[in-house]
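Next, two complexes with chain A in common: one pairs it with chain B, the other with chain C.
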Partner chain A sequence: MTRWLLPGFLAVGVIATLVLIVGPALYAVSLSFYEIRSLTSAPEWAGLANYAAVLASGEFWNALWNGIVYAGLAIVLQVVLGIGFALLLNQPFVGRPILRGIAFLPYLLPTVIAVLTFKWMVDGSLGIVTILMDDLGLPPIYWFETETASMVSVILISVWLWTPFVTTTFLAGLQTVPPQLYEAARVDGAGPVRRFFHVTLPSLRPILTVIILLRGVWMFNKFDVIWLTTGGGPLGATEHLPVLSYRMAFTLYDIGSGAAVATLSFFVLMAAVTLYFRFFPIEGGK
Partner chain B sequence: MTDNKFLTGPITRRKALKGAGGLGLGLALSGLAAPAVHAAGGAPIRFLNCETGKGTLAFFSKAAAEYEEKTGREVVVDSVPLGEAFTKITNGIRSGNPYHVANVGFIGHVLLLAEEGQIVPLNELTDEYQWGNNILFPVDGKVYWYPFDYNLALIYYRKDLYEKHGLEVPATWDGFAGNCEALVEGRRKGCLFPIGSNGASNWMSFAFMWAEGVKIFDDQWNVVLDSPEMKPKAAAYLDFMARLYPTMPPGSLQASYADVLSNLVAGTVAHGAYAGRVIESAERDNPAMAEQLGIMPYMDSAGTRKAASHGYDGWVVLDTDNTGPSMEFMRWLTTAKMVDFLHTAPVHFQPARLDIYDDPRWRDNAMIRKYATEIETMRELVTDDSVVVTSIDTQGPVPDVRPGKVFESFAMPEMLQDKILRGTDSAEAVETTAARIRELVG
Partner chain C sequence: MTAQSGSRPLPARIAIYVAALILAVYSAFPIYWMVASSLRPTQEMLVDPTLLPRSLTLDYYYSLLSQTDYPRQFLNSLIVALTTVALTMVLSIMIAYGVTRQRIRGKQMIIAGMLYAYMFPPLLLAIPLYAMFTSVGLDGTLLSLVISHLTITMPLGVWFLWGFFKTMPFELEEAAMVDGCTRLGAFLRVVLPLSVPGLVTVAIFAFLLSWTDYTFALVMITSDANKTVPLGLASMIGAFDLRWGDVMAGSTLIAMPLFAAFVMLSRYFVQGLTAGAVKG
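Now for the complex of A and B:
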């Protein structure tokens, strides 16, 4: 019985992966080699024409750059703030368990609820933030009205939503650092800052490497926040590759080009992850 | 093993097998019988509805039950927001389980489906009626949809504020912008016309330009937006919108249909555009405001021409094995039930069929009686040939998918953004947009 257990479980996993992930992904890649003008029209073989058209368009490079800016800045802020909150929540104080629970709350909220709530709060006429600022005699903030403001807004929403993930993961890691290391550092005269850089960070490097990797991949592929807040606008200022792919496929009905953008996005991400592991191998932390 | 009750107890293996066999036979027979039962009424009609108001949903539920009782044919109604309709329709076709009748709110989708032979002409249902202007969109004489309403975007204004400030209903852009500026007071803004890359902007913000006589295409489908005749007009429109922008609340870039509706009903803007839904929402949520709202068409810069932004909804019948019964159902729906359906949103569902305006059954409705003046104005807009009734997706000499592409690309709202947010010279913004449209339509 046990002889078949492992291969059985493996087979289920492999079949599920093939059917639910590999199959659809290959199908999506195959679509990129066809010209498909609507969701019901017959595909026509186009070779690499969709790739050539996409790579020659300014939209693709603009979306790639936007994705790098969005993911890059969001990760930096999430990691810096997440570590900061984790260090605070690792200190003993009254009410710590409650605060730890609250700190995780934004991560539990469905994105659509968080985003729509934010949009209502900053609504230019009826939003509570707008009304409070008006009551305080402050000018209104045009949260999404300029190209820079839009990017800043979507980054801030993303930071608010996913910093708790970094906090919680890093906090869990902090519990595993042997107290003797801190005591030894203290005996050697190291202050809090030096203890952080010479004890905490090196001890948690493998965790940090994984956190940054996961957040990077997730942010680069993050669709919902941008789609729900700005739709990629204004004037393409927040349009990154997932939004561009969706727009091409489902609003312009250029399915082939949409699939080409998605495939290119996959390869860009794969290259970035490969480079990342080259510079930050997880084993290196041990 | 020997203590297995199936072998030794009151239920023997033979009994268990017999029981299972009997159960299987029963299930098989019931399964065989099921098609016979269905055959009495035929295959169900799958109906995709996109009008999701509470009253309309209740209407379809009741109508489906009534039709089944009358004919024995089941009608299965699925309801989704309009934005998801085309994906549902095409997914149904691709999966081999298509809808038989579907609600469509974008003529580009109707034309795409017609071009691919997925829907059938409905002339046998439409030819017997008189219709309002520019609503049937025939292709070579064939009408592929049954339009049930106009959703013309009109300008709503506050009658009480006009009276208080001694303002006249404007006939020119200058007059309109002046009124918007005059009515900015505290948290109340002068107007709200969306400028974001969304359907609301496409629908609500361009009829000023249509009133001015701007066309995107000429009769040969050449893009003429930046022609010597059109460019100055389009540029003047952009200058006008840039003048309105400071009188709008922050967030006009993000403003959706719902945002404009809620601002009008709450009274936080003095002007905005929408169809009859505003009146119905105000009656429900803020009745005092409903009394204060007046409507006017969009105007040009010189005060010589009026326009309304085209909006519409209709039904298509898909080319399936069930087309015949679907046509029968459509005939029943559009004759016996049309008035009841329109009454589910009496002001918003502005009839596309002209006979309905004179139908006593339709007029016998509290909302239609109360807002008879507004409804008469709406009727004039679709029967007066001097009024421009058009939209981005219905531009061009004949119905075609090309303007639909312009609509879906949001090239026109981005022209507004280029001017208003980036401060690009108006003529340059028009030229950039025209070039983009040429690229889009090939």
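Now for the complex of A and C:
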């Protein structure tokens, strides 16, 4: 019993990893080489035909570009806002513990709820945002009808949902910076702005590197915000790779091409992450 | 920076409170509006709304619970999330402990596999899983949804608990075994009790991931009877007569358990985030 406990645990690990992760991933890659019209008919070997068709279509490149715009802008906004909020929540003021809790709340919500609440708030006739903008004499915004506005909508929802992640992790980092560093900078005559750029940011560079990496990976892979808000529309203006992959596999029933898009998108992400590590090596083991 | 707050000049203090107010409104207003809209009578919604509802009603909750599939969906969500949590705990505790304490080749593969799983596009897992479930006749079941959630929650659990067990000195178990415990006994009586904070964190995040998931449910669940709440709420968006009061009541009901858990266990949420046990 004693001798077999750890090997037994590891065997469970190997089997679970194979069944849940390695197996499906390899299966997805293999599906991308087949022409599959339905799950009941026999798949036909298609070689690289799915990849050729996907790469030759404008849809793929449009989706790749939209994904870069969506993930890029959402990350920049999350990180800037998150750092700002964290700096604020690191100052002493009355009610700070409560505000720290409130600032975390959006992160808990299911995406569906954030999307529904946003849609309700900007509803064309009854939405509170629509009414307030009308009261202020501002022209109405068609949040889901024009290309730019729909991209803005999905980015806004994403930033709102995931800024708390940056706020919380960055705040935890801020609390580890030794106060003596700030004292020394103050003695040297550095103002708040210089203290931020010369003490805070360099001290938190490793944390920030990880935060941006994680957020980047997730925003690039995020499916539900865009699917629920715009479905990729209007006319493909917000369609990114996850939505394209879903649409091919489950609304066009072209599972091979859907798997090909998912595989390509994984390799694009791997390449981006590798490049990121080249520029921002993560020091120490984590 | 935090040391000398008393000496802060007045304008700086005002600026801090203004910024705090902005942060509070930005974070909480949409949530407040969701709750307020679920309690506001319909005739009040049709005129210019006030910040506070002039009168309150539970009509939407009543119609949601008595006339729709919502209770069924809530139960489905609960079954899926609790099963996912239980399986995640068992699997990730065993794997993380094995990986930490056993010296063999190949365990790097498990850890690397877990890391890569973080980077998989959801569809890269959802498409093959759907095909696999179809071929074994599991498609559309709640179990298929639990298994697909495990592809996310198990790597998270292993990754987090691995970091946790690593910091635990082996001498603790040695001492227990010298005192006559078996290896399993030492694990159950010494290691696990000391790991409770880590276990709570993993359970919370596994629950959160499963409870809030829409993507896997969209792919896996095909019948109305097996829909989870996120899927059910999403299908209301396209409905012909969109009843915002019902939608906001349904949203409020599914958010409340999460808020309640956060109020009681916020330290574990923060600990989980900062240690990398996270949901995307």
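One rule holds for everything that comes next: the second predicted complex is superposed on the first by the 260 of 286 C-alpha atoms of A that agree within 3 Å, B and C clash if a C-alpha of one lies under 4 Å from a C-alpha of the other, contacts with A are read in each partner's own complex, and residues count from 1 in each chain.
Keep this in mind: a contact is a pair of C-beta atoms (placed from the backbone, for glycine too) under 8 Å apart; a residue touches a chain by one contact, two chains touch by 3 or more.
Fair warning: this is a prediction, and the values are worked out from it, not measured in the lab.
Looking at the shared chain after the overlay, A:Pro106 reaches chain C, while chain B stays out of its contact range.
By the touch criterion defined above, A:Thr230 reaches chain B but does not reach chain C. Between chain B and chain C, the partner in contact with more residues of chain A is C. Applying the stated contact rule after C-alpha superposition, one finds that A:Thr251 touches chain B and leaves chain C untouched. In the overlay built on the shared chain, the residue A:Phe197 is in contact with neither chain B nor chain C. By the touch criterion defined above, A:Ile131 lies against chain B and chain C together after alignment on the C-alpha atoms of chain A. By the touch criterion defined above, A:Lys119 lies against chain B and chain C together after alignment on the C-alpha atoms of chain A.
By the touch criterion stated above, A:Trp65 is placed in contact with neither chain B nor chain C. In the superposition on chain A, contact is made by A:Pro24 with chain C only, not with chain B. In the superposition on chain A, A:Trp143 contacts chain B only, with no contact to chain C. On chain A, the surface touched by chain B in one complex and the surface touched by chain C in the other have residues 39, 119, 123, 126, 131, 250 in common. Remark: chain A residues 38-41, 119, 122-126, 130-131, 134, 140-147, 229-235, 250-253 touch chain B in the complex.
In the complex of the two chains, the chain B residues touching chain A come out as 86-87, 90-91, 93-94, 112-113, 116, 118, 187, 189, 192, 196-198, 248-254, 259, 262-263, 266, 268-269, 405, 408-409, 414, 417-418, 421-422. Chain A meets chain C in the complex at residues 1-2, 5-10, 12-14, 16-17, 20-25, 27-28, 31, 39, 85, 88-93, 95-96, 99, 101-106, 108-114, 116-121, 123, 126, 128, 131, 160, 164-165, 168-169, 172, 179, 182-183, 195, 210, 214, 217-218, 221-224, 227-228, 241-242, 245-246, 249-250, 255, 258-259, 261-263, 265-266, 269-270, 273, 286.
Within the complex formed with chain A, the residues of chain C that make contact are 1-3, 5, 13, 16-17, 19-20, 23-24, 26-28, 30-31, 33-34, 37, 45-46, 48-49, 91, 94-95, 97-99, 101-102, 104, 106-107, 109-110, 113-114, 116-125, 127-129, 131-132, 134-135, 147, 150-151, 154-155, 158, 182-184, 187, 208, 211-215, 218-219, 229-230, 233-234, 236-237, 244, 247-248, 251, 254-255, 258-259, 262-263, 266, 269-270, 273-274, 276, 278, 280.
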